[in-house]
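Please find the structures below.
Next, two complexes with chain A in common: one pairs it with chain B, the other with chain C.
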Partner chain A sequence: MKLYWNYFIMELKSQMQYKASFLLTMIGQFLTAFTTFFGIQFLFDRIDGVDDFTYGQVLLCFSVIMMSFAIGEMIGGGLAVFPDLLREGSMDRILVRPRSILLQIIMPNMDFSRLGLLAQAAIVLGIAIPASSVVWTWQKVVVFILMILCGSVIFFCLFLLVASISFFTLQSLDFMDIFTYGMRDFGKYPFSVYGESILMFLTFVIPLALIQYYPLLYLLDRQNGILYILSPVLSLFFVIPSVLLYKIGLSNYKSSGS
Partner chain B sequence: MRAELNVYFSMFRIRFNHNLQYRAVVLGAVLKGFLWAMMEILGYLAIYRTGGDSLPMDFSSTVSYVWAHQSFIVLFSVVFADSEIYSSIRTGAVVYDLARPVGLYGRWFCQSASNRFSFSLVNCLPVLILGILMPAPFRLVLPASALQLLLFLVSTLLAFGVTVAIAMLMYVSLFYFISQRGIRIIVRITTSFFSGGVIPLLFFPGPVRRIAECLPFAAMQNMPLQIFCGTISGADAVKGIMFQLFWLCILILAGWAAMGQATRKVVAFGG
Partner chain C sequence: MIEFTEVSKIYRVAKRQAGMKNAVKSFFSRQYNTVHALQNVSFSIRDGEMVGYIGPNGAGKSTTIKIMCGVLTPESGTCMINGRVPYKERVAHVRDIGVVFGQRSQLWWDVPVIDSFDLIRDIYRVDEKTYRKNVSELADLLDLGEILQTPVRTLSLGQRMRCEIAASLLHNPKVLFLDEPTIGLDAVSKLAVRKFIRELNEKKGTTIVLTTHDMQDIEALTERVLLIGRGRILLDGKLDDLKKHISERKTMVIQYQGNPPILMKEMTQTESSQGRMKVSFDPGEISVSGAIAYFAANTELLDVSVADISTEEMVAELYKEYRL
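Up next, the complex of A and B:
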């Protein structure tokens, strides 16, 4: 454990070495999230709501997804180096070390500039909470925190899934972006607006609706069922297939580098 | 001059053949563009369902806008995988480029242009065809008249030029900044937002829109996409094309001058 901690500190220190560079990247991340926010803002200057969700409630969705994504990507985004590791054969070097393989890849590839994204999401949350007309109770606060935490896990699993697929293809697959970066953008509206079939897909295949749409209905007092309250926790079942695919990929691994 | 043109042309051919090599990547990119556009359209569908009357574009124009935006997304992106150029600046290999008997500005301009053009032709344009084949509410509607189509093509060419010219300015700035990643993220997001890449410029509130429409970024994808979906037509379109031409000249001149300035005292890293 100490070893991983050292990895983590080392990476943090090395990213802090180039202060201007780090700051610029962070500002970039901050602006990225802001343009999506302005996109919503400008549209809602003209309209009152989308389906039966108001401006504040849409912003609530946006900030939950954005925070989950920021945390998930800060930790898991580094897994994008997977295809390169596989192609260059650096994977072999990692495999022979008697330590967790996943942590050896994650720790040195953490990207702290994602904090810019997180900061922006926190600001939007500040606008969203008073505007969303949610009557807060402590149960709701717990559910809300669960939404963000479980969401981060789901996004992390998505990055792991994308990385695991490269075990089989040796290349990064562009269209998988739609589940990571795409969902960050599309998650600004409650997933129900995209229609029944997309909602079903995001409930049972990639359970992002479980951390956004269903618990939101509970927060808004539209649903009180236990399933709605527990839905963020249920989404954690997604961990099983992602880890499984990673394990299968790892056991099928054939070195391709020299 | 002729010999120089030949050099540029063969550079383009090499790049084009290179991009055609990876079939799986092509399929992945087309699928991604298609799904992305569909999700965006479904989002707009919900918005129009709720408050469509108060929006300045009708639904079918917005649908066409989204399809065309996805199909030309690489052609009109300032920041694209021009890895040769980035690594040439970072590693200092740029000194070899400077020693070549071909002007650096022209060389990089061609390289960037052909990177985007050849990638788009194979990976993105099929999305346009898929859009035309979609059923009714989601279908991409082509420009009504041949004239409008012609104006669109001219405007596309100019927007493409402006895009690459802005990219050139960014490369020059990388001579001075060590952080490539930060600059790239900031440039990508500003150019995409102010050229109508997040939402069409027409959806911007009045005062913001008037400012945005004067910026050079409005001479990028904003103009051809609006001509494509019919929100700008006839004399306005011609005026728009003049506006693009104006910015293209300014940006190329600025880029040329800035690059001359930067390369005169280039400090190369690496040994």
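Up next, the complex of A and C:
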């Protein structure tokens, strides 16, 4: 663990070497993310609710996805360097070191400018919680925390999936961003507003609804079935195919080289 | 002890056209060209040996090194290093080896060298005492002194290479792989690096496998040479023996006027320019005086010299002999 802490410090040191760039990116992140926030704001100036969710409830949704995304991206966003690692052959360097391969890629590529995004998500959360008219109990607090944590894991897995595909293509495929950045934008409204088939897709294929729509219904006292409460935990099954694809990709790399 | 037994490696190189449409298409179905990178390669290297591994570009050098480092898995055959199969026991294996890829850095670009060293210490779990000892020893031998406090991005290539070599030795590896360690270095740095490698091998008994295109590296460092070409080991022996094998063939440079001479069928042409030609032949088949007489009779000969073969030429000659 000490090692990974040191990796962390090393990366922070490296990024701090370019102080201006670091700060500007962070502020930029902070500001651009607000455009989405204002988007919601303006929309609700005109209408009262989306698909029987109020402004505050949509904001709650938005902040959960934002926060999950910010954490997931801070940790996993660096996986976007995968294609470069493979092409430049830096992957070989990682393979000749006696440590976990995935951690060796993640740690030096952590992006702390994402802290801006995280701060912004926290602010929106601060607005959303009083506005959402949720009656909080300790069970709900636990579910809420699970939504964010499991959501971070799902977003991380999405980054891992997209990165693993480059084991096969050796190129970054920009359209794959739909599954990462696209999902973040998608997730600012409760997924049910997009219709039944998309909700099913986001339940069984990419289980983002399990950390957003279903537990939200529980928080709002519209459902109290055990499945709704446990849905964030169930979403963790998504880790299995993600890690599997990564493992297959890695062994493919080891048999084919770059 | 490094043992390669009948190792074969096949690459399937995807055929693909540019463009997004084709990228998507090839994601689902691809066509491949098969490249035999290694074909039944066998050799063994004893502990403490220093071996030069040579061959033209694309011969299979890197593939061999990558298999030895555990980066690649061969199609068939086995590779055993110190009783382990590198690509099966990656973590345990790489703890015992050091690797320097001449063209790639293992140091963190933006921070002082010593910070990179500290991190490598943690990666390999080197205990503090050994680490301190190694750093001061290596700093001494490789003349790193103040360089250690400098960010890597500001180092010269020679300084960086010395740091790379030091970085690969912090954990006392038993085997060191050097992939083109002198590439791009100036004469002084080259000499320093060579001297260090030689001493490392002599004093610590580290097994060293070295790939290079610089024949002076080979001459200065290794007794034993492995020549690989088109995925096969073509020669394995002492440098001197190889030289004898080749230099029994004579190299003759002739200068002439008019049309170039037609060569006797036992001769091979190694170089040719306007009015000048270099040929080699086996004195067992044609005597030196016979060759001179032949050229004298068939061309207007201006000058003749019989040159001594250099390692550089020897290797070029070998490549030619094996049509690499």
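In the analysis below, the second predicted complex is superposed on the first by the 253 of 258 C-alpha atoms of A that agree within 3 Å, B and C clash if a C-alpha of one lies under 4 Å from a C-alpha of the other, contacts with A are read in each partner's own complex, and residues count from 1 in each chain.
One rule holds in what follows: a residue touches a chain if its C-beta (ideal position, glycine included) is under 8 Å from a C-beta of that chain, and two chains touch if they have at least 3 such contacts.
This structure is a prediction, so every number in the text was calculated from the model and none was measured.
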I'd like to know which partner A:Thr25 touches here: chain B for first, chain C for second, both or neither. first
On chain A, which partner touches more residues: chain B or chain C? B
Once the structures are superposed on A, label A:Ser90 by its partner contacts, choosing first (chain B), second (chain C), both or neither. second
For A:Asn6 in the superposed arrangement: first (chain B), second (chain C), both or neither? second
On the A-aligned overlay, A:Leu43 touches which partner chain: chain B = first, chain C = second, or both, or neither? first
One more residue to check, A:Ile198. First (chain B), second (chain C), both or neither? first
Is A:Thr169 touching the first partner chain B, the second partner chain C, both, or neither of them? both
Check: chain A residues flagged as touching chain B and also chain C 169, 171, 173, 175
Give the list of chain C residues in touch with chain A in this complex. 11-12, 20, 23-24, 26-27, 63, 66, 69-73, 75, 87, 90-92, 94-95, 97, 99, 101, 104, 106, 108-111, 115, 118-119, 122-124, 151
Can you list the chain A residues touching chain B in their complex? 18, 20-29, 31-32, 35-36, 38-39, 42-43, 45-51, 169, 171, 173-175, 177-178, 182, 186, 189, 193-195, 198
Per the touch rule above, chain A residues touching chain C in the complex are 2-3, 6-7, 10, 13-14, 17, 88-93, 95-99, 108, 165, 168-169, 171, 173, 175, 251, 254-257
Chain A touches which residues of chain B in the complex? 22, 24-25, 28-29, 31-32, 35-36, 39-40, 42-43, 46-47, 49-51, 54-56, 177-179, 181-186, 189-190, 192-193, 198-199, 203-205, 208
